[in-house]
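Right, I'll just put the structure down here and ask away after.
Labels A, B, C and D are assigned to the chains in the order they are written; within every chain, residues are numbered from 1.
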Amino acid sequence: MRTLPLMDDAEFRELFRLMLVTRRLDEEAIALQRQGVLPAYAPVRGQEAAQVGSAAALDLSRDFAFPTYRELGAAVAMGVDPVAYLAMHLNIWHGGLYDASTSRLSPPNAVVGGPVLHAVGWAMGAQLDGTGGAALTYFGDGASSQGDIHEAMNFAGVYRLPVVFFCQNNGWAISLPTARQVAGGSVAARAAGYGFEGVRVDGNDATAVFEATRKALDHARSGGGPTIVEAMTYRLGPHSTSDDPSRYRSADEERARAEHDPITTGMAALTAEDVADAEEHAASVVTRTTEGLRALKTPPGDDMFRFVHREPTAALLAQHRAWKESQDA
Amino acid sequence: MRTLPLMDDAEFRELFRLMLVTRRLDEEAIALQRQGVLPAYAPVRGQEAAQVGSAAALDLSRDFAFPTYRELGAAVAMGVDPVAYLAMHLNIWHGGLYDASTSRLSPPNAVVGGPVLHAVGWAMGAQLDGTGGAALTYFGDGASSQGDIHEAMNFAGVYRLPVVFFCQNNGWAISLPTARQVAGGSVAARAAGYGFEGVRVDGNDATAVFEATRKALDHARSGGGPTIVEAMTYRLGPHSTSDDPSRYRSADEERARAEHDPITTGMAALTAEDVADAEEHAASVVTRTTEGLRALKTPPGDDMFRFVHREPTAALLAQHRAWKESQDA
Amino acid sequence: MPELSLQQALNTALRHACEDDDRVLIFGEDVGELGGVFRVTDGLQDKFGAQRVFDTPLAESAIMGLSVGLAMAGWRPVPEIQFDGFSYPAIDQIVNQVARMHYRSRGSLGMPITLRLPSFGGIRAPEHHGESLESLFAHVPGLKVVAPSGPSEGYHLLRQAIADPDPVVFMEPKSRYWQREDFDPAEPVEPPPIGSSRVVRRGRHATLVAWGAMVARCRQVAELAAEDGVELEVLDLRWLKPIDADGLAESVSRTRRAVVVHEAPLTAGLGGEVSSLITERCFGDLRAPVQRVAGFDVPYPSGALEDEYLPSVDRILTAVQTALEYRRG
Amino acid sequence: MPELSLQQALNTALRHACEDDDRVLIFGEDVGELGGVFRVTDGLQDKFGAQRVFDTPLAESAIMGLSVGLAMAGWRPVPEIQFDGFSYPAIDQIVNQVARMHYRSRGSLGMPITLRLPSFGGIRAPEHHGESLESLFAHVPGLKVVAPSGPSEGYHLLRQAIADPDPVVFMEPKSRYWQREDFDPAEPVEPPPIGSSRVVRRGRHATLVAWGAMVARCRQVAELAAEDGVELEVLDLRWLKPIDADGLAESVSRTRRAVVVHEAPLTAGLGGEVSSLITERCFGDLRAPVQRVAGFDVPYPSGALEDEYLPSVDRILTAVQTALEYRRG
């Protein structure tokens, strides 16, 4: 574990601002869910340092990130419009409304484990093109049990591909604690079996996460191959707004873990002025985002047909036409 | 690596007899394939020590084994009728004709990786029943890349199940050498990442394989959990009778590896009398097997319908009836 | 008589199955302490212990592969896969192993496995949580497939599925979990044969064929049509493999017109099978081609477009009208 | 004009595709040095180097997940899965990722992936090497599916599939790999639109609809029937998604009778879809219900029973007779 960053650390100040935006957006999203604006939501509370710290290490001119369904902090750090990102939770479009290609952030992916293989493929593509770019792929402690994760790590190891496997070990996969999920107890320790490096890092320490990720990305970019970074953190909130954590974990545990809340410790490490400034910034982002979300319109049903293929088939065009006629009738 | 067994090792003599039966049956199967009796065959030449040594360590009163499509040696060591086993290669029935349940040997399984999970499930069942039995599951270096292998090992690790993961690392998965298959280079080394033991053993040394497997099975039976045993061996023949290894490996390599042929070294370690005796025994098994194979009849088409369900559906009974009528017409 | 929701009825069925047969095992992701994300397994771990009702790591292929092994060891597995869309990672084990092990082993190894699968759409859920896989499963030899439309059906069909000696995919219409019905699960009922359908409303102008949540929608359509003097018969197919071809023929030979309704995409959906079965048997009686009302050939859309995608009352009524007004050209 | 086998035609198509577009990548198990188990990729690694034509570890889910990532990085992947039955482990990536990434990303991420899949039965192969998955694939929104019936078709359809900006599943009838045909792949051909079928023999008494290896069998049936004065039209459907509903209707409105033939099991096979499409469009013209001749609802059997399982000339002739003799009851 690292000591807290020094207060004059400008880098940390920047990370903290992004973390605070994430926290306030997260709180707002939960509020919006309670108000019935968002049908459901997957809170990130507690994981802001892990997400922001890692995503901030990306070089957006050449890297690419692969999120799960709980990466608001990464999206914020990468400069993705929060409205476009949260549109997914508004049930507007499964993949959100941002442009994945220009944002360098793949659409949110709800298949646990699945996108990790995409990162490996993308990394191979980047290596073939010699772009020097690296892939950063997010997954959870729960996801680490999926076969796809193994296939991805083995593949990346054989081809020494530029990919960073970033595991947010937040203690829980819905109701299953890590101890009953991860045999051996450590995702990072799996790396040795594939012949590459695995590191554990305090996932509530944004600077530590940033540095570990940057090091892993550099290693990848310079041809050193993959790394597993396991960020030890905690999901302070429920799995989703329809989850009830009291069924499977104690309030004591939650209280104990809340003491390592990266926002609280971050605030303590900064000046009151910096914090106030960050709050002001976060509040303005929240206001803009809420307005944006409330203004978002349901996409036309046509979109359902438009994006199935790049080159639509006659059969689907006919279904689209029939649907349109039924709308007009 | 172990030194060769002493000549007065009765245990080794017994293992050698089984290995020699396997070798001679293997040769006969290839000959039968050339004569057009067997449509195709997957040779085990070179892997006799790994298969016989491991299977001989089973306690057939309570253990259970899970083969791939290349486990003739294990079947021989377990006392499965070679005719019933080889019936699979006669295209008589995919799973062979032996009774899996009473033989304690699951039907041959052609999905690389797939049966390893069955072993884990069976082991859990045995643990729940407190039988003290253990599962022994075979897979190759190629199969180690499959997601199912990871899910199986993680599961077995979490529940500390009585299962031995027995990998025959025979250097090749069809045309892919282990170096480009197994990131990190060692399947046994993966065990550490799951919190249990992994051992490498000279797969051409039957006694060493036997002892490593017996130790792992004992460990499993006594509640110690799973073990990976990686037997380093070599596929001396082609992947199957339709494969042409000269397309992907050199004759030099083959010659060099043939020097570790477990049958040759085994012969050198035994008296001429023991060898002659073993040859005689093997020859009689081969004669019996060849006669049995030649006498095997194509199963009635009815079998195609009979075994789909235990409780047949009316729809399938109707298809069966229609098929029968068309046969009579 | 107690009023039970579908979710409660299924919970009761699982409880009774565990009580009646101590070889029944219940497992899956979050089915233990949490009681399942839909609470269908609520309280079962408390009652039957963590050996018979247990959480698995997050690995669907493992869940089904484990089931095969447990069945081989003499247990009666009732696994859950948390959502329809996450059964894809387990398809290999389901198709290549669960459905074939009895066949492969020529009846030596029974596979009394009931896969519980929360299925179908209509609940504004995230991506992969609204899929309809019945056509895929019905195509697989060796599987039986059933989808209840309500609480009492759910109770009895689940008991029947678990008691059956063959693998059954039990598709639970999640949009109907909270639908309530008066019935007493304690009351003994002679279950209708596997593969029988059920006429839930009598009519004479056309037959609506549906399953799962679409049964309720078709009843609604029938009520509306009745106001216009059109009397629609509603047939709950319920068993999707084997399909009740006789029941379909009996109904349609009376009504002479049929509309089949399902949530899955049109192309290669089960509607084609139902339509073909009806046409093959009732060709001379049919006054119009069987109409199909289905999901479009697009990925299941986000909540905002769900109602556009699913067969609506209007779309079904239009199809009924087409059938009624059809004139041979 | 050169005489080419289907295997040579496909090899040539891959070579030309690599020459014409340097973003085309070819990969899979054993496709490099070995040239594929059917030699379809023979010589390509020599010609285009081990960067563009490469072997993967033995992991089908990885092969397809990798394809997604490579496509995101701007490449045009042409992966091979070695055999039909081993695509099941990759179904999750195919259905949940390959087929949906373009949709999920609202067109931001193109998926120009062509999955080459040696398919169908008839070669006396081991278990899992004779499967017909077209109905599964055709049901998946976002996929296009095609199966050539011979060398020239194979060449042109594979070029078309690779050039298409959307994912295409290319099902190669392995029993036809060695069939030869005179044609010049260098000759420019205006490819018929995606989704078009092809009448390969004209007739007026009934239409036989088939694809892959069944086209040749239907031609054989047509020749036999012609000896009795019965003139059968044979329609090679070739595109299995989208299906040429207009082409089917055009043919059957002339012949007024149809028989659809496929290797896959009957229930929920693509025959139901074809039969429904014909009936929906030609109800008034049809003189008999569309007949289906398909595999039985049993797991694909071992070689000894293969001829009992596959639609035989006799079974097809019987269905033709049923159609011809049908009288409205």
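One rule holds for everything that comes next: a residue touches a chain if its C-beta (ideal position, glycine included) is under 8 Å from a C-beta of that chain, and two chains touch if they have at least 3 such contacts.
Note that this is a predicted model, so its numbers are computed, not measured.
Engineer: Pick the pair with more C-beta contacts: B-D or A-D?
Structural biologist: By number of C-beta pairs in contact, A-D is the larger.
Engineer: Would you kindly say which chain has the C-alpha centre located farthest from the C-alpha centre of subunit A?
Structural biologist: For subunit A, the chain whose C-alpha mean is farthest off is B.
Engineer: Counting in whole Å, what is the centre-to-centre distance of subunit B and subunit D, each centre being its mean C-alpha position?
Structural biologist: 35
Engineer: Just curious, how far off is subunit D from subunit A if you go by their C-alpha centres, in Å?
Structural biologist: Their C-alpha centroids are separated by 39 Å.
Engineer: Determine the centre-to-centre distance between subunit C and subunit D, using the mean Cα coordinates as centres, and give it in whole Å.
Structural biologist: About 30 Å separates the centre of subunit C from that of subunit D.
Engineer: Between subunit A and subunit B, what is the gap in Å from one C-alpha centre to the other?
Structural biologist: Here the centre of subunit B sits 44 Å away from the centre of subunit A.
Engineer: Quick check: what residues of subunit A touch more than one other chain, meaning two or more?
Structural biologist: Answer for subunit A, listing residues that touch two or more other chains: 93-95, 111, 145-148, 151, 154-155, 158, 180-182, 303, 308, 315-316.
Engineer: Do you know which subunit C residues sit against two or more other chains?
Structural biologist: In subunit C, 57, 59, 61-62, 85, 89, 92, 96, 103-104, 127-128, 141-142, 241-243, 267, 296-299 touch at least two other chains.
Engineer: Per the contact definition, I'd like the list of subunit A residues that touch subunit B in the complex.
Structural biologist: Result: residues 144-151, 153-158, 180-186, 189-196 of subunit A touch subunit B.
Engineer: List the residues on subunit A that touch subunit D in their complex, please.
Structural biologist: Within the complex, subunit A contacts subunit D at residues 64, 93-95, 97, 99-102, 106-107, 109, 111, 114-126, 128-129, 135, 147-148, 151-152, 154-155, 158, 303, 306-311, 313-316.
Engineer: What residues of subunit A sit close enough to touch subunit C in their complex?
Structural biologist: Interface residues on subunit A, with respect to subunit C: 39-40, 69, 88, 90-95, 110-113, 142-143, 145-148, 173-176, 180-182, 242, 247-248, 298-299, 301, 303-305, 308, 315-316, 319, 323, 326.
Engineer: Okay, in this complex, where on subunit C does subunit D touch?
Structural biologist: Within the complex, subunit C touches subunit D at residues 61, 85, 88-89, 91-92, 95-96, 99-100, 103-104, 127-128, 135-136, 138-142, 241-243, 264-265, 267-273, 275-276, 279-280, 283-284, 286, 288-292, 296-299, 326, 328-329.
Engineer: Quick check on the complex: what are the subunit C residues that touch subunit B?
Structural biologist: 25, 51, 56-57, 59, 61-62, 64-75, 77, 92-93, 96-97, 101-110, 141-142, 144, 164-166, 193-195, 241-243, 245
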